[in-house]
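The letters A, B, C and D name the chains in turn, as written, and every chain counts its residues from 1.
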Amino acid sequence: MLAKPIISAAEAAGRIKSGDVLMSGGFMGCGAPDTIIRALKAAGTKGLTLISTDTAFHDFKTGRINGIAPLVQDRAFVRIIASHIGLNHETQRQMNAQETEVELVPQGTLAERIRCGGAGIGGFLTPTGLGTEVEEGKQVITVDDRSYLLERPLKADVAIIKAKKADKAGNLIYAGTARNFNPLMATAAELVIAEVEEIVEIGEIDPNQVHTPSIFVDCLVRSETQES
Amino acid sequence: MDYTPNKENIAKRIARIFKNGDVVNLGIGLPTLVVDHLPEGVTLILQSENGLMGLGPAPEKGQEDPDMVNAGGAPLSVVPGGCFFDSATSFGIIRGGHVDYTVLGVLEVDQQGNLANYKVPGKMVPGMGGAMDLTIGARVVIAATLHFEPSGASRLKRHCKLPLTAAGEVNYVVTDVGMFEIVGGRFHLLECFAPYTPEWILEKTDAEIHVSTSCKTVSL
Amino acid sequence: MLAKPIISAAEAAGRIKSGDVLMSGGFMGCGAPDTIIRALKAAGTKGLTLISTDTAFHDFKTGRINGIAPLVQDRAFVRIIASHIGLNHETQRQMNAQETEVELVPQGTLAERIRCGGAGIGGFLTPTGLGTEVEEGKQVITVDDRSYLLERPLKADVAIIKAKKADKAGNLIYAGTARNFNPLMATAAELVIAEVEEIVEIGEIDPNQVHTPSIFVDCLVRSETQES
Amino acid sequence: MDYTPNKENIAKRIARIFKNGDVVNLGIGLPTLVVDHLPEGVTLILQSENGLMGLGPAPEKGQEDPDMVNAGGAPLSVVPGGCFFDSATSFGIIRGGHVDYTVLGVLEVDQQGNLANYKVPGKMVPGMGGAMDLTIGARVVIAATLHFEPSGASRLKRHCKLPLTAAGEVNYVVTDVGMFEIVGGRFHLLECFAPYTPEWILEKTDAEIHVSTSCKTVSL
């Protein structure tokens, strides 16, 4: 296996351009690529479309903010596709003020749409959302007397993901619930940048225990603990 | 008869529904109270939709692991024999019918089994998160709710007015006055919780309720 | 986590009834649940439908036979759904003699159909098979000017699978290419019986390294090396 | 000019197509010969559809692991940095366009890019295995074949008569007489392999072939 480039967070941020569709891993900030997010904030890139299961925490009362929320705060996104924004007051504010377009997708459907994007599947039939607002504008297909919504794949220009450990080839291992959408997004973007806490030599990861095969990963960024 | 909201009683009654080893997903908020009231000998396998089977108790202060949170973003622990997976697998488990029960909060629930719990247009639009998939996917859907809104109106309705989380998927509603099953387009009162009586519940609830012939009064 | 029953191969075979749809893991015999297959052969159960990626090796010249092939030899199956039967002369003979109905499915489509069966997905759109005999009788759906076949989920009454290691709760770890269809089949059957080489205590498997979560597994059978 | 079948030349020429680090799935049989002819400095990442990235050389006698076989059921090894996955993931990789090249054997290939390689009705019906997914999914599809059938007929056709593996998906055909690209409904001869000449190939092949203006004669 060939080694992948290990780049700085700033270099990673530089590869994300205005107008890009950006996928970001993380669930309420857990498993978000914080180092890359900080660099992207510093770069000041705007005009992005975000695909993420949520927009993490941004609590106007306590001031708590994490995950992708600092980029929402900076109005980096013109459009957000997510399943939940309830704990980010700023995302809700932008949506209600019609500053940012927000498309809400059931979480399981969002996960599967990303998987389909990565797996070359043109769409899938799910019962989720039948008889709700989610059904609007979608084809209803009946198979064996049961109805389903036809949901379509999602792809991105760039995915920024976070793993616990990588080997230099880019094989990834996630920890705990920090896995969430990260392995799915790794398959569904043209450019995949993985932030990792630890980088080991090629051959040091058990081939049975790889969560994301190296071929999905284009480059690696080392996690940096935020200085406070 | 006076009504005093009592979330604890809802959790107590729901906790008695399960048998040992059931796979259960508990929504954030009221539903999570259920684990505090499980009978002796009943251990649930708790699923968390963000990618965990075998949710354990909240870790002690200082023991939190940033890589382990529940679906509300709060720190968690995992029980021995638990495991982690990605979100597509997690919702494959949910949508595929491998979760026995889900317990979800309620804004409105109606006698057709419709549930509204994710959106108040123009006011609160947090997004459905995993609730739509859970409601469709879990084998048994339990709606857990205080019987009345602060206004005094019953949360059990003839027809939900709020945007639906799922259509016709709720099996049971457990409130702080009774337990209801939804079959054939109406609520069936299975139990009323002392001191409330079937007559009182029927009077206070603007929905079609059939008092089951086996309806009992239960002290929780 | 509760412990799952550890049963004998004969008990496992006893739970498979004539008329059942049976999924069996394994790829050319690698990762097949050989101990359960031998017990099922001994039980003499007939009238089954088999879903398996292939029917392993059965070479009339060399006599080599492995995996699920001994059950094919015994005419246990009235119907076989598989992607490849080219290295099992007996399956081909039965098909050509019209003794056994054989439905050939592209391997990726077969894998995805089983995954959909387990994941509550009503069908999926794949370009695989377009313009070929595989298209016959299937709905063609066009999304964004690209055509796809609508393929439908597969489920089974019983899945017999093979893993390297289990804990007593039924969490499974596979080894090498013996993984193949096993984790998919574990999700898509009413009854899932896992044959394993090693059984460890609950808590001894790293929760990050589980391939099949315990809730999918109904009972465990210990692998027995065949006496020759 | 005499024709002598030469599989080695096919493998030699295909081996020169790749650049270092390409992800490649080689079909069983002739295509696997390619790895023996890779130029210095070119290492491929070989995918095996039964669930492996990083296929290594066949293990030495006695070193075979029953849990490690290739898509033909033969023992394999894995290179450092390789990994295993299940069949749904494997075909997600294939169908999703994450394999750069697939090299597949041929019964017939035609000038529309149709490939037939899995079935001779009434005679040989092994099943398509992963070939249909590979042909649809890989970014570049290379058909590898002796130019002629034992009967003397060319395997390059105007129209395939056998059941198709995939319609219009083949990009290149490499035979033992030349290398062809398929564009716009015809074969384009890019190279002919000495001692064969474009004229000889056109005469012997019943298909529409355009000799590329840049067509070279190559000694393999």
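Convention: a contact is a pair of C-beta atoms (placed from the backbone, for glycine too) under 8 Å apart; a residue touches a chain by one contact, two chains touch by 3 or more.
All values reported here derive from a predicted model rather than from experimental measurement.
Enquirer: What's the minimum number of touch steps needed to get from subunit A to subunit C?
Expert: 1
Enquirer: Tally the contacting C-beta pairs at the A-B interface and at the A-D interface, and name the larger one.
Expert: Looking at contacts between chains, A-B has the larger number.
Enquirer: Taking each chain's centre as the mean of its CA atoms, how far is subunit B from subunit D in angstrom?
Expert: That gives a centre separation of 56 Å.
Enquirer: Taking the mean of the C-alpha atoms as each chain's centre, how many Å separate subunit C from subunit D?
Expert: 29
Enquirer: CA centre of subunit A versus CA centre of subunit D: separation in Å?
Expert: 36
Enquirer: Please output the residue numbers of subunit D that touch at least 2 other chains, ranges allowed.
Expert: Expected reply: 78, 84-85, 91, 94-95, 136-137.
Enquirer: If you look at subunit A, which of its residues touch at least two other chains?
Expert: In subunit A, 112, 115, 119-121, 126-127, 174-176, 179, 207-208 touch at least two other chains.
Enquirer: Report the topology of the inter-chain touch graph, choosing from line, ring, star, complete and other.
Expert: Shape = other; not a path, cycle, star or full graph.
Enquirer: Pull out all the chain pairs that touch, please.
Expert: Inter-chain contacts occur between A-B, A-C, A-D, B-C, C-D.
Enquirer: Quick one: which bits of subunit A touch subunit C in the complex? Just the residue numbers, please.
Expert: 112, 116, 119-127, 141, 143-144, 146, 148, 150, 152, 173-176, 179, 207-209
Enquirer: Once bound in the complex, which stretches of subunit B touch subunit C?
Expert: For subunit B paired with subunit C, touching residues are 20-21, 23, 43, 45, 53-54, 78-85, 91-98, 136-137.
Enquirer: Residues of subunit C touching subunit B in their complex?
Expert: My answer: residues 1-2, 115, 117-121, 167-169, 171, 187, 202-203, 205, 207-208, 210, 213-216.
Enquirer: Across the complex, what residues on subunit C touch subunit D?
Expert: 27-31, 53-54, 56-57, 82-87, 92, 95-96, 104, 106-112, 114-115, 126-134, 164, 174-184, 211
Enquirer: Which positions of subunit D touch subunit C when the two form their complex?
Expert: Where subunit D meets subunit C, its residues are 48-52, 65-73, 76, 78, 84-88, 90-91, 94-95, 114, 119, 124-133, 136-137, 163-168.
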